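We just call them A, B and C in the order they show up, numbering each chain from 1.
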Amino acid sequence: MNRTTAFIAAGALGLTFSGTLMAADAYITLASTTSTENSGLFDAILPTFTEETGIDVRVVAVGTGQAFEIGRRGDADSLLVHDTAGEELFVADGYATERINVMYNDFVIVGPGDDPAGISDSETVIDAMQRIAESKSPFASRGDDSGTNRAELRLWEDAGVTPQGEWYRELGSGMGPTLNTAAGMDAYTFTDRATWVAFDNPQDLTLLFEGDESLFNQYGSLLLSAKRHPHLKHDLAAQWHEWLVSEQGQQAIADFEVDGQQLFFPNAE
Amino acid sequence: MNAHHTPPVATLELDSVGFIHRGHTLLKPTSLRLAGCQRTLIMGPNGAGKSLLMRLAHGLLTPTSGSVRWQGAQPAQAMVFQHPVLLRRSALDNLTYVLAINKAARPKLKALPRKAQAMSALEKFGLAHLAKRPARVLSGGEQQRLALARAWLLNPQVLFLDEPTSALDPAAIKAVEDAVLEFHHSGTRIVMTTHDLHQARRLANDVVFLHNGELLEHSPANDFFNAPTSREAEAFIRGELVW
Amino acid sequence: MLTSENAFSTALTLILSMDSALIAIVMLSLQVSLMAVMIASLIALPLGAALALWRFPGRNVVIVALNALMGLPPVVAGLCVYLLLSRAGPLGEWGLLFTPTAMVIAQVILVLPIIAALTRQQVEALHGEYAEQLNSLGLTRLRMIPTLLWDARFGLLTVILAGFGRASAEVGAVMIVGGNIDGVTRVMTTSIVLETSKGNLPMALGLGIILLALVTMINAIAHMIGETAKRRLG
């Protein structure tokens, strides 16, 4: 198969795809999360960056786990993800030279409007999750090793609950499909606020729990190692990395709103 | 083209040629020598092995025993089938196609471009007005004439015909028989199968008679029709053997 | 809330607005899939014909393998191409990952077995009818390939359309190797996935309707050409 594919690829190489698609020569590939893409954040801030620097940013929106893999294989110039522990490990392993805080948003728990587990008056997120587990109310988990999934699993652990059984449904899907499924099966689910606010198909789903400090969802930008992957566009990626935490970048993030609601809060030091 | 100017046709020699298919003997070891520019008719009842013998001679099938040899250089050959296989394109294009794949050409036409050669063949077989017509929508008789025109362009020294008229009406049969004589007149050896006794009497110089996969007679036409040596041939000529 | 009405009205609004982003997505979808089908056909038609004409040890294995590959999940094809084109992969040097070219390659792999396997069947059937005549004309098997392909052209048109259907409908492969990058590798199917994940179901279904309409149109044109020619040529 290898040789055939190479042959086909060689033929395909000669193809030209029409001008508009390849307009900007200077571009970087950014592996990021579905939450940032689906909420429309990139649509809002990228034009500003491109205008200032002439650099096009091509966003591949995947789960955080897959974003790390893309970065490890050298298939993206830069990463913008939300799993601080994972990001630090990524730096420690030598795949990235630097990690910086860019912004945060928060996680919320949404569920059926009649709230069968009664989590809306919970004091803490731990309490809310224990109530869901005790009442065995259906809970849809992404189960895809994404940043959101990892955060959810950490909270179960903190709550002393081993999430398993009929009520706990691992979907292995992105945030959007998980919300669609949760809406369809009247289940609770754990989501980032940005995706939730921009989500158009809530049906009976309602925001039931928010505001606990441990629901804090930090996004970090990773500058990939030039030593590990010399072919990457480090200069351009560094411009992007620095712009994100610059005054303009932070302002652009703060200015992004959906339905009059700010979704991401810049917090670069 | 005149017969006198044609080089002598190579002699075909079948030496103990047999054919066995899945344990069934379809042709018992047969030796046959076809010499000279003759019109040989292969006859026999249905299932006698006529078509098989012809396919072995033409080289479409390889005998399971014995050998098929041409004395001298292997001559240019063509074959016309009972159901002509024409390509899905116009009558004219069917002819230019064979000129493109087969370098042979009739000496008189050699200098002409392919299209002109093809047109002359269509005219010769009365098909000029159908040149642009798709070959597959022609009538049975027209299709068979087109197959003959195609064979004509190949300038064969030997022409094989397998029951070429069995599916045609009398007028079309006449046209095919005329064409066969025309081929022969231009120096082409004819080897043809038929189950039609009248046709055989009209066309044959010599007759090969097969019965049950066995060659029973090979004799000049006169001898065969007037004094057959085998009981089976005699019965066949009387019309008593079902074909 | 999704209803069939707002899906259709969304589709209609999308079409009437002639939105430049939508047009770019539609054009890229067509470019990628048509290019993939063209390349796959150039390889698979002669390959299928050769498979019909030659007998060699292991031929049946090849035929079974091709038939099985017709059911290759697009995601698997995408993953293979991803691993191949990834910087850490054998062809990483070429820098093709997350480009339309990578999507074409992945779709070629999906479409090629379909066209090759079905061509093999069609040509084998036609060869049964033509073999004696073509042998009598002294054609080599190599020379028979173009003749048989040309004479089987009406059936092969349907075969190629089947390949196009698979290419234009799949999302698993182009999502992985293209990355669904806005303005670069976003096509109809990946847009539909994206809109679905945003919960924007009317938009997703609207795009689906447009995709279906496009594919229907291409099939209708091909069908009409085929039928007209078939009637004319008998």
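Everything below uses one rule, namely that contacts are C-beta pairs under 8 Å (C-beta built on N, C-alpha and C of every residue); 3 or more make two chains touch, one makes a residue touch a chain.
What you see is a predicted model, and the numbers here were worked out from it, not measured in a lab.
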item	value
Top chain pair, ranked by how many C-beta pairs fall in contact	A-C
Relative to chain C, chain with the most remote C-alpha centre	B
Centre distance in Å when chain B and chain C are each reduced to the mean of their C-alpha atoms	47
Geometric centre distance via CA averages, chain B-chain A, whole Å	79
Whole-Å gap separating chain A and chain C, where each centre is the average of the chain's CA atoms	32
Contacts with 2+ other chains: residues of chain B	none
Residues of chain B that touch chain C when the two form their complex	55, 58, 60, 77-79, 81, 84-85, 87-89, 97-98, 101-102, 134-137, 154
Chain C to chain A touching residues, read off their complex	1-2, 24, 27-28, 31, 35, 39, 43, 80-81, 84-92, 94-98, 100-101, 104-105, 108-109, 179-184, 194, 196-201
Residue ranges of chain C in contact with chain B within the complex	129-130, 132-139, 143, 147, 150-151, 153, 232-234
Complex contact set, residues of chain A against chain C	1-2, 5-6, 8-9, 11-13, 15, 17-18, 20-21, 29, 34, 37-38, 42-43, 58-62, 72-75, 174-177, 179-180, 183, 198-203, 229, 231
